[in-house]
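Contents: one structure, followed by commentary.
Read from first to last, the chains carry the letters A, B, C, D and E; within each, the first residue is number 1.
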Amino acid sequence: MIHPTFALLSNFSGAFDFIFHTREAQTGGVHVGGLHQVLSFTWEHVKLSGAAILIACAVAIPIGLVLGHAGKGELVAITISNVGRAVPSLALIAFFVAYIGVGFTNVTLALVLLAIPPILTNTYIGVRQVDPEVIDAGRGMGLTAVQVVRRIELPLALSSMFGGIRTSAVNVVATATIAPLAGVLTLGDFILSANVYGADGRLAGAILVALLAVAVELAFATLQRVVSPKGLKVST
Amino acid sequence: MAGDRAATTGTAASVEFRQATKRYRGQDAPAIQSLTLEVPAGDICVLVGPSGCGKTTALRLVNRMIELTDGDILLDGQSIRKRPAAELRRGIGYVIQQVGLFPHLTIGENIGTVPRLLGWDRQRIAERVNELLELVSLPDDLRDRYPAQLSGGQRQRVGVARALAADPPVMLMDEPFGAIDPINRERLQNQFLRLQAEIRKTILFVTHDIDEAIKMGDRVAVLRKGGVLAQYATPPELLMHPADDFVEDFVGADRALKRLSLLRVRDVDLWKAPLAHAGRPTADVRAALAEADVPHPLLIDSEGRPVGWLSERDLAHDTVPETPDTAAEPIVELDDIVRDALSDLLRSDTQYGPVVDEHGRVAGVLSVELISHFLSSSRATEQAMGPAERVAS
Amino acid sequence: MLSSVVVPVLAQVQIRSRSGNSCIEKNRLCPGWIVDHFDRYTQPLVQHVVLTVTSVAIGFAIAFALALLTRRRRWAVGPILGFTGILYTLPSLAVFFLLLPITGRGTLTAVIALTAYTLQIIFRNIIIGLENVPVDAKDAGLGMGLTDRQLLWRVELPLALPDIVAGLRIASTSTVGLATLAVFAGAGGLGSEIISGSNITFKTGVVAAGGLALLLALALDVVLLVAQRLLTPWRRVNAA
Amino acid sequence: GSDNNDNGSSSSGAGGKLIKSNSANGDVTVKVGSKNFTEEFILGEIDAQALEAAGYKVKRDLNLGSEQIAFKALKNGNIDGYPEYTSTALTSFFGKKATDIPSDANQAVDQAQTDFSKVGLVAFAPTPFTSANAVGMLKKRADQLGLTKVSDLKGKSLNLTLYGSPECRQRPDCLVGLEQNYGLKFKKFVPVDIGLRYEVLDKKQADLSIIFTTDAQLSTRHDVVTLADDKHVFPPGNVTFVARKSTVNKAGADMQKTIELVQQGLTLKVMRELNARVDVDRETPRQAAREYLKESGYTK
Amino acid sequence: MAGDRAATTGTAASVEFRQATKRYRGQDAPAIQSLTLEVPAGDICVLVGPSGCGKTTALRLVNRMIELTDGDILLDGQSIRKRPAAELRRGIGYVIQQVGLFPHLTIGENIGTVPRLLGWDRQRIAERVNELLELVSLPDDLRDRYPAQLSGGQRQRVGVARALAADPPVMLMDEPFGAIDPINRERLQNQFLRLQAEIRKTILFVTHDIDEAIKMGDRVAVLRKGGVLAQYATPPELLMHPADDFVEDFVGADRALKRLSLLRVRDVDLWKAPLAHAGRPTADVRAALAEADVPHPLLIDSEGRPVGWLSERDLAHDTVPETPDTAAEPIVELDDIVRDALSDLLRSDTQYGPVVDEHGRVAGVLSVELISHFLSSSRATEQAMGPAERVAS
């Protein structure tokens, strides 16, 4: 056995080499790795995740707003988030594969299901957290229900809402890693088909996925800061 | 500006409760029980009563934040039931205890909310906002701050300004000063009364503090548990003739003194003082004493300012001496609150106090006796100041 | 030579006749089958429980220690949240293989990855919990002469408990889900019953394993919830 | 190690196949591995259980993944042995051309043997059955397009979708072979988990799917056909247990003897049956292996 | 029980600020500036002043929640600096505005906190808890409830009980009634004063409400911005001789009236009423009138209860009639607060009010004149009740 740290170094240098230069596949025949393939897999990864998040938002946010405004379905929202968290992403993908089939659309759907709970719940909570006095004042000034939602509850819930989207985005990006099991070639393929890309490829895949996830996290964190109303950030 | 200001002093509408009743779902006892009272346009009507007696409920019935179970409420003779809630509310200013400013909007945007709903153009809204900031005497560089950056008192005033934005004929205020400590509270009350003197809105004002009620109200409606109207009267009436024991307890044992705080010395018709000028023959003075209310003559100087009381000994000479035995303490001013004047009289041993006008000239004499006579006479009621005048000085 | 050995015909494995229309052969969802073959899932289930519980337990220990450290060093909270935040963000699958060169295949790798994942959730909730302790309760405590340590154990931690447990609940439920990926790290668990071999095409199997994971998560959630209710009797009283 | 086999056979007869437990083996631990698909699981389990029956301590690390991972694990001692296909070994490990693979199993093993020994490994005698990749498709579709052999695909393949395991893309005995030797171009190739090779056909997502000749489905279901590999890009492979020399020496004669003994029963029919019991009857590989050893009389 | 009770009425220590100064880090102006004042053991000293003047700071300096920048504070002559903070605090009761009960502990456990810290045995703690619950007059089945299950007022009292647990010689109370609405506030103040009458602790009490200060304090320390001591005096002194304009403003224009609320009618030496019994010869009555302070004789019944005032016309007959012209309104009781009595006198036209004892027998006559004489006489100061007596009734 070689000394761990040394092994580590050699491993990682190999991984980076894989990212930047193509090489013969383990199984021989064709060439793998290199920026071009990395980029195409990354693009697929992003495309898959993005689609899932967008659809999830389109579904979850309206429901969250309505439930929150009505103050109904506390139980529903909370249960959804708990169960949602408990459902293993792997099982979800497998379930879709077993029952619906492989391919981009199916995986996207699976990821949408995965992404909905946090967005729904955070939107709901965001709306519920709005100071009732403020809403009372709004209604008292003659805002209609729609105006209350649009002018008061939505802006004040934005930050919490984006918190949810952020959580979902990170989960989805992570789960998209196992998409190759269902025939969608994301960065996960480097990891899952190690016998094609070799140990270097697999490590490279791990690094790339990690980087992508962190990038997404940071992006959404910034976004969340940007959208949260200025009035809530000012120091008293 | 003058023109705009006109706008703020414009409309006011009467508010009339007719057998208004509210029974909350799942509650058998009603929160408001066939409440009937009329608030004349431009008056402040204070709803007062112990916690849980239905003040807030009564208030929120007016702008239909809560729907009537029975009876009706009329604005300028028109039933509120006929009008769509949202539209109705835009025509009614609403200030709640916790102010409830929109934290995500600037002060300007907060105040401009209703005008924006009414589709005014930016120009007009901007002008209106400035005007209102001035009206509630806030520096207009606050316009672009956020509520979090204001002090409690400032927020309070923004809340009022926001409620006034569309110049509503009626304002509802639920314990607007409840959250504020006694010291600033007084200041805000006075500011608000000065403001009202200017804008003359019809105002329904909720409080559970009887002193605030007496201070702020043209008329006070005392509610008892279950939303039953115990008495509806002007503050002086309330203090002089409490309808029943509940009201009497509620206004407190020292209600006569409370009443005095509604009066200024000028409202009392003062005693004539037998005046005396130094060097004049004492004989004339004695003559004057005969039909005077005060047993002692008051020595005044050439400008008519009080110098002191003349004793028997002083009158022994045949001309009035320069310096009298007893100084003319305490000196009371026409604008003093009678309550404070009484306090001064009691403090200084004497029963009488010379009253002077703004130039310091003697205008009459005030005495404890006079005050008690006056209180028991019905005139106290008519004479009592409206809330606005109470802070004139 | 070999052939000579092979020639004598052996006692044969009996070739079953398959009608092809039993529920299993049709690969439908067969609840009955799950019941009959439950023992098949006991070992993976046990592995799964071990993975989850150890990870959350270790995660809690570390997070708690960190939280105590930051009591006197408020400035450290931000950096710790940031760092654990990254650990939280890293996809477990990636972490498995990032660790592979160091810790190799197996349970250790899986536990490290899962623990790293739980850190932020638990740490954040402990901090929130401690911050949510009413200032006046702390003030009164100090004013009554509690030492800093007494204040922590007698006032702050009990009052922070609900938030802390909330953190543990989130951590445990999501860890159960992630632990299905442990199979990629060679740590077994219910994940193996979902993907290894032809399991991924086995509708009944996927449902059974996935369902078990779900149930396990909810079970842990309930356990923690009950524990919390037992530990915080004062929150059950209905306010006057 | 032919004399081992002689002993094996001589000591055979009715109950002669019965594996005798040797207490001397008790202090030897053998780590048995396997790759990550049904057949490998079963083979791994058979070897493992047989060794246990012979008295060895056995550790399992099945589900290692692809041959590369397994081979690496074997070389650096994470496992002591695992079942591998001679063809795969020659092509994937020792860079032989698929077309040069000898069709005779023993020759193939002997070829591999030298390369193995270079890295301190030894390959045991191969199984009777051979396994190879094959192009499978639904019978209906095949008849419709009039396809019987791979070369028939010429001209038609451009509008056919081919599904296969991810590594298939880069394997000469898979997509690469089909493209280079047959000169076929497909509408698209979709890599999916190896377990899905029939799923994609049933779901009509794939026209063609790379399957294994030992697949249970080929005997259980009659709606699937394989196209004949008339240009021999899918070299048949028998399974040989590849082990570390060091372990073999340490473990003594019983190890190789036992494994080669239990592999004798693995004919194509048997292998397909065992696969069927796992992939169709949904028994666990361990269960199927146990039944095999019992029913063939290797264990009681 | 008696023995235990003794424990609660046991110790009390003097508190002395010596040039105590506190300057918060990052603030150039000090929050407390060389504050020097001494609180005798067993007294209530109220710290009063506008918001931000340093009241809380001063208080928290005593139990070292905040460390002195300069100067010193002595408990019973011993510097607080010498003692470890935690141990010091266990010897000082501390009640903060928000009460700050531990929500996770039962009422019993809350009260028992300090005793547990001091390592008392369960038995003794339990007894102490019961005793304290009784002391603050709370039903002892509250022991096992949680704070959330109590009303605001009850929590308040638990807070006090908890502070008293280890029978500390000194108590610090920061706006203990600040959070409570005016109506319940009064009740709590009275309860607390009754309690103090029993336990006689040395108490530092913070409020920003001058009325509360006057009501609660044996001595009142008025602070001005910057933590400078403006005046330190008994309530009557404060009201009669404000040290400067700041204090005068702070105590308010009606300070004489405030002073009256510190007095009971029994404290005033009343006028003798010329008493008359029905049927007696009027001649005797006229005779009595001569040396009486009151111009009219007071008709009393056989039990000596007042019936009414006799007018000249009544005296025209030669025997005293059964029913006099004017009723004896208003009737004042010896235990009435002078302020309320004055209010009654002013309300009813008459200048005089017969004063009756608990049996309703005439004890004398009170008049507005008498009150003002009394106020201006120095006696008002000596006579003024200590806080405890103020709630005797």
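One rule holds for everything that comes next: a contact is a pair of C-beta atoms (placed from the backbone, for glycine too) under 8 Å apart; a residue touches a chain by one contact, two chains touch by 3 or more.
Not measured: the values here are computed from a predicted model.
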item: Reaching chain C from chain B through chains that touch each other, fewest steps; value: 2
item: Greatest separation from chain C - chain, by CA centre; value: B
item: Busiest interface, counted in C-beta pairs; value: A-C
item: Farthest chain (mean CA position) relative to chain E; value: D
item: For chain B paired with chain E, centre-to-centre distance based on mean C-alpha positions, whole Å; value: 30
item: Distance from the mean Cα position of chain E to that of chain D, given in whole angstrom; value: 98
item: For chain B paired with chain D, centre-to-centre distance based on mean C-alpha positions, whole Å; value: 99
item: Euclidean distance of C-alpha centroids - chain A vs chain D, Å; value: 39
item: Sites on chain D at which at least two other chains make contact; value: 193, 196, 199
item: Residue numbers of chain A (touch at least two other chains); value: 97-98, 181
item: Residues within chain E bordering two or more other chains; value: none
item: Chain-chain contacts as defined at top; value: A-B, A-C, A-D, B-E, C-D, C-E
item: Residue ranges of chain B touching chain E (in the complex, touch as defined); value: 50-51, 181-183, 208-209, 240, 253-257, 260, 337, 339-340, 342-349, 351, 368-369, 371-373, 375-376
item: Residues of chain C defined as touching chain E within the complex; value: 134, 136-137, 139-147, 150, 155, 158-159, 232-234, 237-240
item: Residues of chain B touching chain A in the complex; value: 63, 65, 85-92, 94, 96, 98-106, 113-114, 117, 145-149, 159, 162-163, 172
item: In the complex, chain D residues that touch chain A; value: 65-69, 72, 76, 91-92, 95, 163, 166-167, 169-172, 176, 190-193, 196, 199-200, 203, 205
item: Touch list for chain D against partner chain C, complex; value: 2, 5-6, 8-9, 12, 17, 36-38, 41, 61, 63-64, 78, 106, 125, 128, 193, 195-196, 198-199, 220-221, 264-265, 269-270, 273-274, 276-282, 284-285, 291-292, 295-297
